[in-house]
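Please find one structure pasted underneath; my questions will follow.
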Amino acid sequence: MNDKLKAYFRTDHLPHIWCPGCGNGIVTAAIVRAIDDLGWSKDDTVFVSGIGCSSRAPGYLDFNTLHTTHGRALVFATGVKVARPDLNVIVITGDGDASAIGGNHLIHAARRNIDITTICFNNNIYGMTGGQYSPLSPTDSFASTAPYGNADRTFDLCRLVEAAGASYVARGTTYHVTPLTNMIRRGLEKKGFSFVEAMTACPVYFGRRNKLPTGVDLLNWQRDNAVPVSRAAKMEPEELAGKIVIGTFLDVEMPEYTETYERLLKEHAADRSGE
Amino acid sequence: MNDKLKAYFRTDHLPHIWCPGCGNGIVTAAIVRAIDDLGWSKDDTVFVSGIGCSSRAPGYLDFNTLHTTHGRALVFATGVKVARPDLNVIVITGDGDASAIGGNHLIHAARRNIDITTICFNNNIYGMTGGQYSPLSPTDSFASTAPYGNADRTFDLCRLVEAAGASYVARGTTYHVTPLTNMIRRGLEKKGFSFVEAMTACPVYFGRRNKLPTGVDLLNWQRDNAVPVSRAAKMEPEELAGKIVIGTFLDVEMPEYTETYERLLKEHAADRSGE
Amino acid sequence: MSSKELSAETPVRIDRSLCKACGICIAFCPKQVLEADEGAIAVVAHPEECIRCRMCELRCPDFAVTVRGDRGG
Amino acid sequence: MSSKELSAETPVRIDRSLCKACGICIAFCPKQVLEADEGAIAVVAHPEECIRCRMCELRCPDFAVTVRGDRGG
Amino acid sequence: MQTQLRLAGTGGQGQILAGIILADAAVTYDVKYATQSQSYGPESRGGASRADVVISDEPVDYPKVIEADLLLCMSQEAYDKYAKDTTEDGIILVDSTLVPSYCNEDPRVVACPITGVARDELGRIIVANVVALGLIVELTDIVSTEAVRKAVAARVPPGTQEANLRAFERGRSLINECLTPGKTSGE
Amino acid sequence: MQTQLRLAGTGGQGQILAGIILADAAVTYDVKYATQSQSYGPESRGGASRADVVISDEPVDYPKVIEADLLLCMSQEAYDKYAKDTTEDGIILVDSTLVPSYCNEDPRVVACPITGVARDELGRIIVANVVALGLIVELTDIVSTEAVRKAVAARVPPGTQEANLRAFERGRSLINECLTPGKTSGE
Amino acid sequence: MGETTRRLMQGNEAIVEAALVAGCRFFAGYPITPSTEIAELLAARLPQAGGRFIQMEDEIASMGAAIGASLTGTKSMTATSGPGFSLKQENLGFASLTEVPVVVVNVQRMGPSTGMPTAPSQGDIMQARWGTHGDHPVVAMAPASVGETYEATIKAFNISEALRVPVVILLDEVIGHMREGVEIPRAEDIQLLERKGPSTGPADHLPYADDGTGVPEMAPFGTGYRYHVTGLFHDETGFPDMSNATADTLMRRIMGKMERHRDVYEWTETTDTEDAEVLLVTYGSPAQAARSAIRRARREGMKVGEFRVVTVWPFPEERLRQLAGGVREIIVPEMNLGQLRLEVERVVAGRARVSGINRTDGDIFKPDEIYAGIREVYGGER
Amino acid sequence: MGETTRRLMQGNEAIVEAALVAGCRFFAGYPITPSTEIAELLAARLPQAGGRFIQMEDEIASMGAAIGASLTGTKSMTATSGPGFSLKQENLGFASLTEVPVVVVNVQRMGPSTGMPTAPSQGDIMQARWGTHGDHPVVAMAPASVGETYEATIKAFNISEALRVPVVILLDEVIGHMREGVEIPRAEDIQLLERKGPSTGPADHLPYADDGTGVPEMAPFGTGYRYHVTGLFHDETGFPDMSNATADTLMRRIMGKMERHRDVYEWTETTDTEDAEVLLVTYGSPAQAARSAIRRARREGMKVGEFRVVTVWPFPEERLRQLAGGVREIIVPEMNLGQLRLEVERVVAGRARVSGINRTDGDIFKPDEIYAGIREVYGGER
């Protein structure tokens, strides 16, 4: 293991529980590289996750780490951040964790524009529970609970989070790992709510049922179907069907929640002088 | 009471519980007029609501009516619709009910594009519980839980629902009641998920704390701040601050959930012939 | 319905048992047909001015107003 | 780290205790430096071809690859 | 000794604040025991409003009024609903401005145009509740005038202290103009 | 009479399906009682895999194997972990293709290149589990050959029946080529 | 059909097959170990039976959707495990108060919190009774084998429909995942109970009136009976009424209907109790190991009997009270720290000593362990 | 400060003022009648004390945020009523297993479901003990007056911090909304307990090790102690471990710490029990009416005593058992259909007869009603 990386890992807990070819390790390493680039202190950084294969990542990282309940990572993270605005708070979540049971907390954290970076490991499936479809599984794809194909339509999660009010929104893949690392770094730097959707690979459950049975197959699939956001802008919706649009969708400066709260308290300092 | 209207009301339960000048009655009557226009049968139409002042509306309507738990109207409605796709299903909800505790169900119903029409009575406040800020309360506005002004940013709920995947999205006001009625009718007609945000008036809690203490004040405020969507498209964000953009944001045809489900079952009929 | 305010020809009817005295119909009637009584309940003060635009009926939050005409009851 | 595959000069190192034999590093090495052993564990077969592009390291899901050079360990 | 007071009317008239002031006067300034509670409609707003105050020399066991020693009625509904739950030698203080119909044969009834005085003399209908307090203090002696004065000053919205204290004094003096049973209603 | 069987190896080898087939044969076709259970890792996937089958003439009280009458080992880990929990006169069936190191002094051990045969002779490594079933039927007689045949046909994926039945028969015949203690490992 | 058949089935599969036989035509769920197979199997099986399956965004949504579907007259079910069961509680209370039939399966895993997702437990017994706020009626069943799970599932639908009450089926990971032979009864031997439809036309229908049975008539949505359903307290018309008298009437009716119809749901099994000095009170999967332990104890001359509770809530108080009078000691083996034992202690009220044999480590009982427990109290070495 | 002062306060206000005194510096909530005043007052008051208030999107979020904040070393609270309390259960279990101190207020209203939002009830007593899945430690307190609410709130923070356990304060609508005089203790008379910090440097810190007290040391996030917190079962390092032995150790420690530190939380009040023939077991607001009824009964020569339970969970078994031996009859007045009575019956185990006086209509007890209940059993007219 790379020594630089090693400094951020709880190496005594490796190898991790993820299956051979699972993309989760690729994203986890990308996060660590981004943090290393920024020189953040491990003591001042908190990782919070929900439940799922991906949500196991913080356990391997030598930071303050909090593995919560399914879908709720962002609410715990909000408590941490509001109580200690000086800490860096990063949420690791899966596509199901973030967008199914946790969808409400995601849009509300984005709406508040609270300074938390959320990295969603999107493997298009519920991995931990054995391959049921998630809100990010493609329509018509197969899953253990979609034996006749998935009737649900798919969230464009980046678009949703943007509409909800985030400051930074991007999508990368485990194939395009350097751009992914850069997106994560930009997300971490951003004051406000940032969201990076990392397309990752679950060969065991998503892949096998959908004719992409290995990690290599899934990385090839990512490579072959990725379309940069600039190019996608010029394409018709039909051309874009089945493609993965990657790149930065939004990168703006907006008032951050904990700062607005402080500002309002200052403005109304007189009102609260009493008692 | 207008005789046509009367046919759709449980008149023995009137007068309703809403405060003088509350806009909820205006929206409720608009819904009834839209239904009357369409000639829908009361027996084949189901109203489902959550909890809040606005969610009391179904109790006054002579249909199949279901007053559920806070934020959850859409999930009950989904059960009704999937079990009986032939019934018309309408959800009445408040801004808190729909966008705070119920935000997840809202985006998921939109994502599935299930054929339910949701009418959100947006009074910018939690009315039933006495005036706490809601996710649709303007930033900096005052509420019983925002004594120093509201630090939260506001959802553009129409934009959110559009991003989530709805087929029809519009915003009207209780001042502009005829266009509102037309939007509701269009929403009801639409096959797929439709969402109408009806700006209504809570003089007692939102109004009083924000210098608009009567229903008349709030209707004037709606009139003076409404900007049609076509005009808004030409305006700068700064100009739009504090304005209410009204009109139809989205009106498209997309595969509806219960129909997609049936289609997939047909396509895979062979797979399910066996036990 | 307990009370009709005016004679059969009146185009606008206010149901006093439903009216909650919010003043909306009065404020937004384009022809100032309506006025408030001492309890702030709406009354049809100038029926002859009414142009049957129905805005009072459509905006009354308490279903208390009926405008007679082509469409209504 | 239990085992170094090749001598000190080798630019690429595979940690066999971490490798889960997924084949990703092998499939995507632009220079075919890496190969699978009989257990499908990656081995550095052609170190001399390596251009130190680090793609193997960046894409290894098990943190099992280290490429030495300016940036790495 | 335990005194039960019920202040009843319509939401927005300030019965609850008046109740709080009475209880506060007793507890904070007079060193008695008191409880104040209120009824809520299902929606905790609008409609009828009621504050119950129990003042006692020992801890209060039951915070609601079972039989009122003093009942203030600021709406017809309040009178119709609660007059029967008043003790035999209790006082029913009727705001004759708002309660058109009451039994003026009932020896317990004291009728005063409370809201009328607030509106016409004091120019603020909103202080009717404090006018009523002045009357209550005169009609009973469960709390001291001084204690109520302090509690009024402490509990009314900032900036309105003076107007409220004036209303309180006016209420005290109003006692002399009140109709006691046998006479006819004030307005 | 109660027989405890444990089929152990790595996820994906089909131990669980083999266990189900055995239990199904007993329950559905032989009219005995049986339970089949499996172990889950914390994540219910990957890693070691184990199926326990208990077959009995009367209802089964405890569905897990306490001491195996027959243990199938399709990985070294399985052998290392479970061999000790086999009855004194039990059978330890070792897939010698996958288990390099076992005690060939142990009289209970029967070693066969199960996976090797599936791969090399039958051309499908995936049928190794059914090859093992053939051996198990020959080594014990808790279920009838016919019952297992029917259960195999009913439980394997559609289209693979024939290949699996062939694997079953090959397993049965393989018994003659097995190494019994004292000889050396197969490969 | 027509013939008794015997099939090897998982507990979770037994739920599915029995639900279909019972007439279940709607399922809404959200995956969670170890209950997921129920959703997976129903996703395939329900459409074959003309029913509908939907995977919702979470457990709250699943519970709500099942209630919504039930209001259209469709027998409905949802399934989950601990964390999801906690989330369903609010809407479970809604079903309880609005009297909408629905079956909720909880395949228990080791808790609290995420706990040990693949380990068995009986840790949610009390939660099944008390998990939602306020007094409320609920039925909970804890079958002891896969075969009994099949039976219990049919019965759960019957109880739910007949009494308009939510019924919880408490499996545990062992039964959920274990396969056993199940005797499938012939179709004509299966008795199904249906909810009681309206006896009058729409104009006269009172959706929450007590017709003397405590269970109101129920008209499906969309059939001309337009009425109101609310989670607020309501009178017999179904409309909200906040008066104390109405509240009292409503609460006493919905609790009273349960007291009154014990025959519909009470299900216990009694073995060897005539001469018993020691009584085991069992439920769920430990009952299998207990049975073996009891047989051994009997063989060794100990007078041990078994009182097995299948419907754990409402608890069969009267039956246990009768048995308790005749024994010296009662033992309750549970895969928790002693939950149903609390109820046993209460009901026994000193008539016999009560003790527990408890596991809280995610493993199941071996017959020996229960045997050892019996020996200990039987010999009086304590 | 410095001097005892007396203030008229609502129960909800007492919670707020006492929480601030106890050191609460974070509150996350979601409005719900009849608890909303707690959020409203804290929105104004917390910033004045340097704390932070946040209104979250729902109750699940509020519970999670409070736990998150507590992990930074900030004393945290949330407040709700029935429906919201049901929603908080999953995360409450998380706090229980991960041993994160947090105070949860439930101002009870009439349930089940939406029920009667402005009517008082004690319907959530059992839910406070059993609402989340799995065995778990939790403390619940039910003060009987506004003044006691103030005391109980300070104590709740103390217990929560000292034992690393979630503490639930169960008010009811009456106390929540009623105003009474509260004696505010002088600052120097208030004893605050704080969570135990780490005794070693970060390298040696074992976040879930038992130092002999059963309560592990707790380092705040962001202070150099980097450790892992998970709702999975875990060993003393805090990392997941699914072995049966670890599960057993963990469960027995977290339940055992509660058994061991009864002195920290047990709070009961005993009046007139020496010669009592009839004992009232009371808690919460009905205790006030009960006290009056008892006084009257005593005046009339009936030997009635009172055992008042402030900390209802863990239940003060031993103390009640002792008292039960000496009396003939026990009466439990409750604003529910008899919840704590179940526990009383269990503990009393036949030593005395147990009966209840119950209301389930959303109204509170009049002293007369309880007096009538006493008379009835005292005279033996039953």
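Order of writing sets the chain letters: A, B, C, D, E, F, G and H. Residues in each chain are counted from 1.
Keep in mind that, in the parts below, a contact is a pair of C-beta atoms (placed from the backbone, for glycine too) under 8 Å apart; a residue touches a chain by one contact, two chains touch by 3 or more.
As the structure is a computational prediction, the values presented were derived from the model and not from experiment.
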**Request:** Give me the fewest steps it takes to get from chain B to chain D if each step has to go to a chain it touches.
**Result:** 2
**Request:** Taking CA centroids for every chain, report which one is farthest away from chain A.
**Result:** E
**Request:** Please report how many Å separate the Cα centroid of chain B from that of chain G, as a whole number.
**Result:** 38
**Asked** Whole-Å distance, chain B centre to chain F centre, using C-alpha means?
**Response** 60
**Request:** Among the residues of chain F, pick out those that touch two or more other chains and give their numbers.
**Result:** 41-42, 44
**Asked** Do you know which chain B residues sit against two or more other chains?
**Response** 19, 51, 69, 100-101, 103-104, 108, 128-130, 135, 147-148, 152, 261, 265, 272
**Request:** Can you tell me which residues of chain C touch two or more of the remaining chains?
**Result:** none
**Request:** Note which residues of chain G are touching chain F in the complex, please.
**Result:** 6-8, 33-34, 116-118, 145, 174, 177-181, 288-289, 291-292, 364-367
**For the chain E and chain H complex, residues of the former touching the latter** = 20, 23-24, 26-28, 31, 33-38, 40-42, 44, 59-64, 66
**Prompt:** Which of the residues in chain H end up touching chain G in this complex?
**Reply:** 60, 82-83, 85-87, 89-90, 93-94, 96-98, 108, 110-119, 121, 123-124, 126-127, 129-136, 230-233, 242, 244-245, 247-248, 251-252, 255, 336-337, 339, 342-343, 345-346, 348-351, 360-363
**Message:** For a test of understanding, state which residues of chain D touch chain A in their complex under the given definition.
**Reply:** 1, 15, 17-18, 20-24, 27-28, 55, 57-64, 66-67, 71-73
**Fill in**
The residues of chain H that touch chain A in their complex are 25-26, 28, 44-45, 47-48, 52, 54, 56-58, 60-72, 74, 76, 90-91, 94, 221-232, 239-240
